[in-house]
């Protein structure tokens, strides 16, 4: 199987996930009176909106990283196919986790569940990278391109911390979710170059 | 990253946005009697339909413009990627804004909210154009193709006016929304040629 | 604009329309007792299913015809773009019309509404063909390939008859909807060859 | 028609089916108290989740097999087109069957209905293979690649057994659904090589 095909299918699934999440953002009902902006604020709309924005960011980051990763793949093995499907499955849980967290902002359980989904997605992404490297050799383009993947490691550890932290103080979890997303949006190369000059990275 | 890839992902997201909006157009329920056309008219179906038609038009216009814009792009930088994601995010709010306005026709707040989404989409589109020109040089194909972009400017100003205007008289906002859409559907080149002959455009 | 791009976008929209219709097929709720097959039959599930099957067939037919039509197009003009968008808009009303008819089988108004959507889709498809021929010349590949388009004409006339017929006897409309769909699914060439031998077609 | 086009459309439909199933996984409502993990367990969320996971696996398997099958096809005939549409129709019933079974775990009828959908999908897939071989000759690449298709046969027989078995003991059906899915996920070639060495397969 060519990798373009798997990538096209993954892109389709990611495009749908990123878009159907917005279906949770329902127009508030205003029976028998004028609709007003306070309907958005009094209800849960602004909170659902915030969690949607965060999840949109995460799916966009995954699309971007997944695309770069796939460009280093020559042939798709059964292992790569199923590791990729496992990643898509975890990412497909975003709409559920986003909706539950957005409708219950401040509650520990939905924040922890969001952390579980992030952790599962991060772990299967790491698995996908490992499977690709295993099938293509440690000297392959993928292996060299991924390097030590410090950022991926930091992210997965962050999610793992955010899950129990939700039951201590839910805002710690939120801060980790937002912080890790920002870590990925901020231009990569400059940070890495700086770190490289400090000898922190290969 | 090749621009075709970003374009294919954007196309997927736009195809989904333009289609899931129709999910708001629900079949009216007629318990214990025959369904009739008056169910469409007495309920909000015809109003939701009108706002759907308007939003369909806007997404179609964005798809068309986005496609032309991307054809002038050679390489996708991180800045272009994230400006494009910001645009897709704003456009993904169309189903929500369309639904709220369609179910509350005549109320100022939902009309203003629709204007906010249009303004945000117009602003991020302008941002995307600027980022592309910045990355490719002021003499690039994009820079020359976009010219002064009088129509884009008029649109964004129109949306900015429509937001407060909704609280004065909501029909002003509706007129602006429809007017700007027509401005984009009407064949471009003839207008531009006429304006060019008058020396109004470069 | 290349026609492949317009076709890919149209394919995306058609794939979504054909799939989201199934969302109307909801699992019947069985509170406090075992779910049974009679839940499907007592409720409206089997009727919604039948109208879904019919609409699936129609969208599949449109996808097929649209694909063949687009293969004859060299360059996409503004007119072709907007005629195509008008067609997609009409087709995007299928989920609504399907749902309303499926939940109110036997009632004239929803059947007539389904006929209106079919008629609008058929009319915009004919418009699209005309716009393409107009832009490419009467001797173009499209003009020759479409010929007199007897089947298209019969279909649109059928839909036009089905609309008022629903108020006389709704089963006439249903018979027309099913009959026209079968007309398109049955292999084209044999029928046309037979008709051609009879001198009925060019 | 080129087979790439049919494949792209099928991929789009499969990507949407695999993703919209997750919409059934709704965030549990926790009015007036904190949301907790027991909301997931007390309600039906964990059961809906399990049936979603199973169906995700099945659609992924179909995507994979369909892709391999299509690679052996040179030209798409009308018969292939409609056999493929019949397959997509059956697969589009997965969201409904998944939802009904997931919300009524333990009830025979929804499990039998899931078996019917699996059987219909398996049967139309087999039909598609037959139509392709018929159009391309028994010595074609498809015919040789499919061989006797022992796994496909076992699957369809399994689904046929699972339907009545649901009314004896629903857990038999579940075991068959899971077992057949595992049969397809486990790497193909090793099993076939072993069987081939035993002289069980051509």
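Every chain is named by a letter (A, B, C and D) in the order it is written, and numbering of its residues begins at 1.
Everything that follows uses one rule, which is that a contact is a pair of C-beta atoms (placed from the backbone, for glycine too) under 8 Å apart; a residue touches a chain by one contact, two chains touch by 3 or more.
These numbers were taken from a predicted model, which means no experiment stands behind them.
The chains touching chain A as well as chain B do not exist; no chain touches both. At the far end from chain D, in terms of centres built from Cα atoms, lies B. For the pair chain A and chain D, the fraction of shared interface numbers is less than half, so the two copies use mostly different residues to meet. Taking each chain's centre as the mean of its C-alpha atoms, chain A lies 39 Å from chain C.
A separation of 27 Å divides the Cα centre of chain C from that of chain D.
Of all residues in chain A, those touching 2 or more other chains are 8, 12, 16, 20, 23, listed in ascending order. Chain contacts here close into one cycle, and each chain has exactly two touching partners.
Residue ranges on chain A touching chain B, taken from their complex, read 8, 11-12, 14-16, 18-20, 22-23, 25-30, 34-37, 39-40, 53, 56, 60, 63-64, 67-68, 185, 187-188. Residues of chain B that touch chain A in their complex: 1, 5, 8-9, 12-13, 16-17, 20, 23, 78, 81-82, 85, 88-89, 92-93, 95-96, 99-100, 103-104, 107-110, 112-113.
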